[in-house]
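Listed next: structures, encoded as structure tokens.
Shared between the two complexes below is chain A, which has chain B as its partner in the first and chain C in the second.
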Partner chain A sequence: MALPQPLRPGPTPYELEFIASDELIEISPSFSMERTRLIHGIIGPFRPPGKSKVPLWLAVNLKLKRKCNIVPPDWLNVEYLQERLAEETSSPAFSALPFRFAEIAKVLLDVAADDLALPDKIRSLLKDLREARQSKSRDGLKKLDHIQLEMANLCSMEINELRPFFVKAMGVFTKLQTDSQGNADDQAGGQDMDFSW
Partner chain B sequence: MDDDYYSIDAILADNQKIQCTFKLDVPNLGYLEGGEEKDIKTNSKIQLPHWLAPTLLYQDWVDFAIPPPFSLRVRKALNAEPRHVRLSSLVGGGGQWYSFGRMIVELLQEPQSEELAKVLQQTFHARLVDLMDQAQNFGGAAGSMGGAVGSGDVGDDFREGLEGVERELFTLAQDSARATKLWYESSDKK
Partner chain C sequence: MDYSDDFDAVRATSSTAWEDETEDIGQTSLQRLTRWWINERGAPDILVWQAQLVEELLDSLHNQATMVQHIRSDPRTSEQEHFRVVLVQTEMERVKFLIRSYLRVRIHKIEKYAGYIMREPGVQVKLSSGELTHAQKYYDLISKYFHSSALEGLPENMRSLDEQLPNGRSMITEPDKDRGVFVRARKKCENVRLPNGDSLTIEKGSIHLLRYRTVEDLVARAEVELI
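Let's look at the complex of A and B:
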């Protein structure tokens, strides 16, 4: 295989961030520009007081050149995140956050902290959320078997972190399982034994 | 872990010895026993590598004893507390306890094989959560705090007791936790 060992289990967090930078986000540009056609799609027009939707990578680029302000997405504010955190700590399910929220939130906090209200508070809320969700995925591990694992609302960064471990562990389960099925047929009285291949 | 022809792990697990008792005389193979005898006599006990044992078993030329890593004593210990058994010391460093166990399962007859398979599954399941906890905390701390995690000695013991596949899993979880942590700490601001 041509890929170096560390890259084989899946994409790196940086690659996920790169993928997430294609998501659209609203900006209020501080310069005007006509509609521009790129391979990727049409951008603009920018007319200063008005807002415009652009991919995240462009928004970041313009922001770093001080040519726009980023309008934070409606889930990136203290109230919304606090609600989610309360949900997260009170119910056993994962709360519904955008699939790539971790990547987008990080990029925005890094680049456009001044466009957000209370960025430090948001930062610590995101951290709490992450920890709460992590302990839940750990609980999910207890339910792991060789067939499937269902954890709804897991976000891309979390999936990526768990993937190599879970996949390998399920592989081991499969190996340990098929035997006992092969030898013990259907009377093994197990919870998963009625699964037919 | 798999039976794949090219799997190094499978080859290593194959190399484990099983204690076998011959049921018949075998002329001219006494040197396998390491002694002076010219023939292998009935009832002589020889450690055979796993790749050789099944053929002889199916021909009903030998009997075999369940190897010590899966003895009753170990199984009882595993039933009591799977997380405190050092699997690595049962099969040697980097040894493949689960693979070896699975091979033994294949050699055993019905009620015994089922029982052992269950022990293998339950052990793996019970150790998995701790395994991930350890890997994530260890990995997270290794970069910043020099590996000083609160879990202390218990954690060290557990880590040293991991067998081959568990070690692989540990590294996987550790690496992904570390990569994610690095990403969270990096900055996009140029």
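Let's look at the complex of A and C:
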């Protein structure tokens, strides 16, 4: 099979992580290296203690070889996430987080927890955020119809999680809509019959 | 010998290319193909084959491979250069994965909609020549198989594979363009026609759940991306 069954409904979390790994992140390398051409573009030169921006996958690669420290993005710290969580629980809208925050945060917590301040606290904040947002997106289901739904500030991982159910629900709405248009008369007749029993 | 030129040779793309996901200008072919891969995964229909992007990436892969070979075959290559080669190779594997995934999702759709593709010349132009040949061969094989395994035993008038039933349903699997898709606008799109006749303005960066039919043209013009 060209595309295995589990991949058909949409991208998997691993594939989303693969995409997020192309985003740039700052590292402070512990070795020096000349400029290197990748298909992406140019990386380096690395001149410790200077910092450099590289794609996340490269940062992870170097980190695992203990050749760099990762500078956490400015949204991945306790204060910022606490503010977002407060926003999340006090207002009905979704707070603005980077589109691929879940993937990036997971990767960084996995490989570079020692570069983060209070990683455990961050982990639990991310979990709280996730739960708060999840219950909101379930509420959002009420607004779903067969035409359109705007979902401001939803993140890539969340959309992926909602996708199967939302798409299916929309399909059911669409079907009901076309059925009721197509058989408006029959249905009225049929219903009368049913009630007369 | 100094290989820094090999690594260095600056290409048109600069390192700022990563900054804004929603702008086409300055986006590398890698980012653009990633987007088309995800579009293809999300769209029920088959999209236009991105010949230029794939070609560019295959070229880049070829160049990188030549450079890697060149450096590895030289005994004077230093430890540090070997390390850089490993990074280059790691990236090459990522790019290969991307291209393969893109091709795989297309092959999946081609096989699923083979009959539809053979019937609609408008869809055939969206395929590369290799894909079209595959679609043809696949459809021929499948039809032959159905005929030899079952259809030959049926009365003549029941043997067709492309029958249209009176209620409009067809034996040919067609993409369900009314399926919902999640889109993110890459620019402001005005007057998007909704199925109920209303029009909608999609702000840049906003995320919507819409029927694929509604955004089909916007996806093709890369004004929105599927997510």
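In this section, the second predicted complex is superposed on the first by the 178 of 197 C-alpha atoms of A that agree within 3 Å, B and C clash if a C-alpha of one lies under 4 Å from a C-alpha of the other, contacts with A are read in each partner's own complex, and residues count from 1 in each chain.
Definition applied: a residue touches a chain if its C-beta (ideal position, glycine included) is under 8 Å from a C-beta of that chain, and two chains touch if they have at least 3 such contacts.
Computed from a predicted structure; not experimentally measured.
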*With the two complexes superposed on chain A, say which partner A:K106 touches: chain B (first), chain C (second), both, or neither.*
first
*Partner chain in contact with A:P13 - chain B first, chain C second, else both or neither*: first
*Which holds for A:P92: it touches chain B only (first), chain C only (second), both, or neither?*
neither
*asked:* Quick check for you: in the superposed arrangement, does A:P49 touch first (chain B), second (chain C), both or neither?
replied: neither
*Partner chain(s) touched by A:R163 [first = chain B, second = chain C, both, neither]*: both
*Which of the two partners, first being chain B and second being chain C, lies in contact with A:M33: first, second, both, or neither?*
second
_For A:L176, using the defined touch cut-off, is the partner it touches chain B, chain C, both, or neither? Pick first, second, both or neither._
first
_Contact-wise, after the overlay, does A:N61 reach chain B, chain C, both or neither (first, second, both, neither)?_
second
*By residue count, is chain A touched more by chain B or by chain C?*
C
_Going by the contact rule set out at the top, does A:L144 touch chain B (first), chain C (second), both, or neither?_
both
*Jot down the residues of chain A that show up as touching in both complexes, chain B in one and chain C in the other.*
144, 163, 171
*asked:* So in the complex, the part of chain B that touches chain A is made up of which residues?
replied: 1-2, 98-99, 102, 105-106, 108, 110, 113-114, 117-118, 120-121, 124-125, 128-129, 132-133, 135-136, 165, 168-169, 172-173, 175-177, 179-180, 182-184, 187-190
*asked:* Using the touch definition from the top, list the residues of chain A that touch chain C in their complex.
replied: 1-3, 7-8, 10-11, 15, 18-19, 21-24, 33-43, 53, 55, 57-58, 61, 99, 144, 146-154, 156, 159, 163, 166-167, 170-171, 174
_Applying the document's contact rule, which stretches of chain C touch chain A when the two form their complex?_
4, 6-11, 13-15, 17-19, 21, 28, 30-31, 34, 38, 41-42, 57, 60-61, 64, 80, 83-84, 87-88, 90-92, 94-95, 97, 101, 104-105, 107-108, 111, 178-182, 194-196, 198, 200, 206-211, 214, 227
*Complex interface listing, chain A residues touching chain B*: 6, 9, 12-14, 17, 60, 64, 106-107, 110-111, 134, 138, 141-142, 144, 157, 160-165, 168-169, 171-173, 175-177, 179-180, 183-184, 188
